[in-house]
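Labels A, B, C and D are assigned to the chains in the order they are written; within every chain, residues are numbered from 1.
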Amino acid sequence: MTNNKVKVAVIGASGYTGGELLRLLSGHPHVSIALTISSEKSAGRALTELFPNLTSILALPLESMEPATVAKQVDLVFLALPHTQAIPMVATFLECGKSVIDLSADFRLKGSKAYEQWYGTPHTAPHLLNEAVYGLPELHRADIQKAKLIAVPGCYPTAAILQLAPFIAGNLIDVDSIIIDAKSGVSGAGRGLGLGYHFPEAHDGIHAYNIGKHRHLPEIQQELTFLSKNKSGTTRAIDSISFTPHLVPMNRGILSTAYAKFSSKASKADCQEIYKDFYKNEPFIRLFDSPDLINPNHVRGSNFCDLGMTYDPQSGRLVTLAAIDNLVKGAAGQAIQSMNLMLGIPENEGLRSPGLFP
Amino acid sequence: MTNNKVKVAVIGASGYTGGELLRLLSGHPHVSIALTISSEKSAGRALTELFPNLTSILALPLESMEPATVAKQVDLVFLALPHTQAIPMVATFLECGKSVIDLSADFRLKGSKAYEQWYGTPHTAPHLLNEAVYGLPELHRADIQKAKLIAVPGCYPTAAILQLAPFIAGNLIDVDSIIIDAKSGVSGAGRGLGLGYHFPEAHDGIHAYNIGKHRHLPEIQQELTFLSKNKSGTTRAIDSISFTPHLVPMNRGILSTAYAKFSSKASKADCQEIYKDFYKNEPFIRLFDSPDLINPNHVRGSNFCDLGMTYDPQSGRLVTLAAIDNLVKGAAGQAIQSMNLMLGIPENEGLRSPGLFP
Amino acid sequence: MTNNKVKVAVIGASGYTGGELLRLLSGHPHVSIALTISSEKSAGRALTELFPNLTSILALPLESMEPATVAKQVDLVFLALPHTQAIPMVATFLECGKSVIDLSADFRLKGSKAYEQWYGTPHTAPHLLNEAVYGLPELHRADIQKAKLIAVPGCYPTAAILQLAPFIAGNLIDVDSIIIDAKSGVSGAGRGLGLGYHFPEAHDGIHAYNIGKHRHLPEIQQELTFLSKNKSGTTRAIDSISFTPHLVPMNRGILSTAYAKFSSKASKADCQEIYKDFYKNEPFIRLFDSPDLINPNHVRGSNFCDLGMTYDPQSGRLVTLAAIDNLVKGAAGQAIQSMNLMLGIPENEGLRSPGLFP
Amino acid sequence: MTNNKVKVAVIGASGYTGGELLRLLSGHPHVSIALTISSEKSAGRALTELFPNLTSILALPLESMEPATVAKQVDLVFLALPHTQAIPMVATFLECGKSVIDLSADFRLKGSKAYEQWYGTPHTAPHLLNEAVYGLPELHRADIQKAKLIAVPGCYPTAAILQLAPFIAGNLIDVDSIIIDAKSGVSGAGRGLGLGYHFPEAHDGIHAYNIGKHRHLPEIQQELTFLSKNKSGTTRAIDSISFTPHLVPMNRGILSTAYAKFSSKASKADCQEIYKDFYKNEPFIRLFDSPDLINPNHVRGSNFCDLGMTYDPQSGRLVTLAAIDNLVKGAAGQAIQSMNLMLGIPENEGLRSPGLFP
């Protein structure tokens, strides 16, 4: 039976996203983790030195290895690398005929110009940008099933797009009125050290950062624009969203609070109906009547995205809430969800665990 | 010298606001804490049983006592009680000729109709509403100096009003575009038990609550409307603010993120100039160039309100950040600031401590 | 296939232990959760109102039901109730021929006298005490396999017994020198409200409680005495352990630090060999060379018990560390481990998940 | 009046200890902060860039400057530097006739041999070791008053020595039975980055480190030995203490739990009497009847050391608890307490604030 398993490599295995891929893949019945690749710095160390939680679960060394060598040993590759580092690897793996699921930002934006504008460096493989499918199954399921290269969405965009999509698709909100005020746990900043993530600085505080300049903003606008043009027939770009991320003293999780003016008269019931209808067959979307229940501590460790909303008839404003685990639905879990679709196996295989509460 | 000190009573001494009043007043050179009053349930216990931090600082018992008896022993009274409970006491103390600083919500709204609408019960002393001065010195300093009854602002309104006031006063923003997304530490919910404040439920999570329905909203709208009419000459009420409070896993502090459309073309520099000008002589307002530095962990335990902002010319939207300690500038500290004004002593007496960081 | 599943009821489903049983059992391939029973207060509510994390995982109502009625619908019962409440239910279920796994303290102590001494009330079914097997598989596996009634160990005893057992069994330490300094997350105190568990009181602090008087002490002494007599042939009771539990600001997990004098000369290597030998086939015991790695954040949500130790030749003292998730290996997971043994299925069925880190 | 103030420099002003010195000194009526010195890396930056909490409190630049130049501008110097770096500076300042309060470990151990053994490098100014007074006023008040060089105790030793001193001084406990199990908040590790202090690694976990090897152990043993020889007339060294520090997910504070066998029969009342008697005139020692109340969250930001204990007649073991704020009584506050003694002003000047709770 092992022979029938898909052999995968996780490249960038020493960070939080890499570790989360390994945690989830270790329990996936159709996957065999063949290689865990890291930078030279960590190579040779046991994976469990960096992730003691995986002790007696995964007995693999961290290795440093050329992409072409990796390609010979696996069927599919997960890349959990900083942006720019994924680009050359993706090219190699695709040439070797391997499927690639890239968790970096390198293939999310559709144009090399946008990439250069937001990431400050030219894209070195622009010809591959169109091959990449934005790995948000709720919006691109059919394309993901046929893809060879998945660009896994950023954590904030996952929450923001999912909470706004039904209203954008239905052309129901004034797209110039959208404000997204998002709150993330500290693991979202990765495992790299920084004074802002030093425990005494991050604990018992909260602050905004990269206001209006965060690199996840173009992703959100691109996908909502795509959806808007595709579903509602409008032709205009959504390009004036205010997006403010905040750092919150918790380990995992994003809570995204989005505001928008409703285009016409509506009620809370109408809005909820729109949600229910849009997401009626989605395995990982959960809708709650009470927006107060949308809380990352209900999705911790799981692939769910919890959604809720309220509507204020006086101001005509909709307030929607989305909660995800930034490392699962916001990264590793969503990557595996795409993999399942690519492999033609049940979409929630290996992803059925409920959240860990409390 | 003790004879020259103002004798005060703190009524409602067993809660967090009461405890914070005592912490701050214990170091105030012109105040003598004469009585600490609590409900019958706690009466007879030493104050330090409820606040071990005050051991060897304040050796007072908690007492249960009629307002009229209290009035005989003190010059000024702080009320740190749940709403509705303050009303009859205020009446008694004023009749006895005592100054009252009320930290409840009972005298903040100017009309008994608004009170009934938001608090769900008729106001039982509506004739006193006009005597009360809204105790935000940055807006009402002159009136506070002459007042006998201060209604100390709510914690969220303190942050929200201070961050928006300069732009409202200058008639510079579209008042229909205001959105306030606020984040509070758990002490803001008080010392009363509730499942949502049980450590394992509140820790490592974040959620919105009372969206668009929080009782601090009418306070914010009342004060901003007042300011707008007074300073900018407009006649319209500000009544369509979206206000969403969130509960954050930290002990103290509020971070308030407010969004509004600028009425005309502006730059970040313009906006900062407006801030600097409006707050040029304020002892407790601190302006920061970088909005990322606005963080409750820099004001912990202090009476400062830290303000920052950014301006996005593309969307024409201003994003302002305010951080306060909800128990100090958001409650006890601001109450003492008002007391200092009433007594004609330096406004920052007893309130000079910097924030405790980290 | 559903017909082949064991039908279980979880009684006391509204607390953290109940919720954790449901989280773990929902993914167990051989179990069907037939009933979730709660007190009348919660009866009629959907389980997911109390555990939003289980939404779309378990669609069951909380019910209030007589034990005899429950017994007709299930094969096996988990009791997650406060002590004293489990006793009459256990009697009924056993009479009805059902297997019972009791997570309360009611059947852990072997004598009714000890029960009365520590729990302050007579045991109302003392004849059943000898039927109960102390559900620590590492010590009582064979008995558990044949048992009808399991007394699931307390969370602290699980950690303390496992970290000391190899040395007690080998008669290698001076039993009068044992000191256990244990640290627990707040979920260990349950879901019931209390001022000490109110977020602002528990956050950013740590304190000892019930020093030398905690009800888990007799459990620890009973089991270590049993082991000592059984394995090392000594006849004396272990009755002078100092046990100090502390409350730590984290959600889940226990770190137990135990100290003891080694009876003879030893080295760190010897001690580790003793550990390795004693636990060589245990699926849930993980030994680490570095005691610094023993940390509840590596076992979060998993059934592992991580062990490490150091030995100081100068003082002749051994320091051992144990980390568990108090709700899993310290309660619900260990209960399921016993169930698996009773059912003759793989001991780690439904319990294979690694810890959630970070 | 400014002329009468003592002019001080804080060297090493960019770390947590430096920042805490500045926070406390900024409110000290007899001190003028003349210079804030940092490494070249930070020199030229405003102090408030590193400590935004001090904005509008202290408007000083961080400077890089030779000790001899510093010496010309100040009367007294606080050194908040890593060990080894303080040594050459101390020599210079003493030569210039300045008083030095050194918060590093460089002058705490009485012998250069012990220093080399524990710090792994020879002491480069051994002739000054005897000039240094160990700055624990409760033990060395008279010497501190006359000292020119103070070695401020480590944070753990402060708690451990204070909780054990009365029993050691009275020769009441078996010194071979002492075990100290200490728990510290993360600020104790300083402001330097490290993976173990990265928020997601430190949050929601707890672990031991440097078991039996922590550099604070020789300090504890040296001072308790000194006390024992001095007060009880014994001649033996205390050299077999087991000391296990743990890292706890809180910002500030140490809770130290110490265990020891009582030499003779005693009762809890006896032990408390010993405490009360030993500490009867100490301004910063607070004794509590209930050991559960000993909690760093009651001393946060203050210079108090809270002490409690329990005695178990069965085992003859005493359990004592001590709580301090590691940055105040464990560092900056205690340094200022020594300064006050050196200056002949009230010992608690500038240190009268109660703890910040919650």
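The criterion applied here is as follows: a contact is a pair of C-beta atoms (placed from the backbone, for glycine too) under 8 Å apart; a residue touches a chain by one contact, two chains touch by 3 or more.
All values derive from a computational prediction rather than experimental measurement.
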| item | value |
| --- | --- |
| Chain-contact steps, minimal, separating chain D from chain A | 1 |
| Pair joined by more contacting C-beta pairs (B-C or A-B) | A-B |
| Distance-maximising chain from chain C - centres being C-alpha averages | B |
| Distance from the mean Cα position of chain D to that of chain B, given in whole angstrom | 37 |
| Whole-Å gap between the CA centroids of chain A and chain B | 39 |
| Separation of chain B from chain C, taking each centre as the mean of its C-alpha atoms, in whole Å | 46 |
| Touching two or more other chains - residues of chain A | 16, 185, 187, 200, 203-204, 249-252, 293, 295, 297-298, 300, 358 |
| Of all residues in chain C, those that touch chain A in their complex | 16, 19, 23, 26-27, 51-58, 187, 203-204, 251-252, 286, 288, 293, 295, 297-302, 304, 306, 352-358 |
| Interface residues, chain A side, partner chain B - complex | 176, 179, 181, 183, 185, 200-201, 203-212, 239-242, 244, 246, 248-253, 255, 257, 259, 291-298, 300, 310, 312, 314-315, 317, 319, 321, 323, 358 |
| Chain B residues touching chain C - in the complex, by the definition given at the top | 16, 185-187, 191, 193-195, 197-200, 202-204, 249-251 |
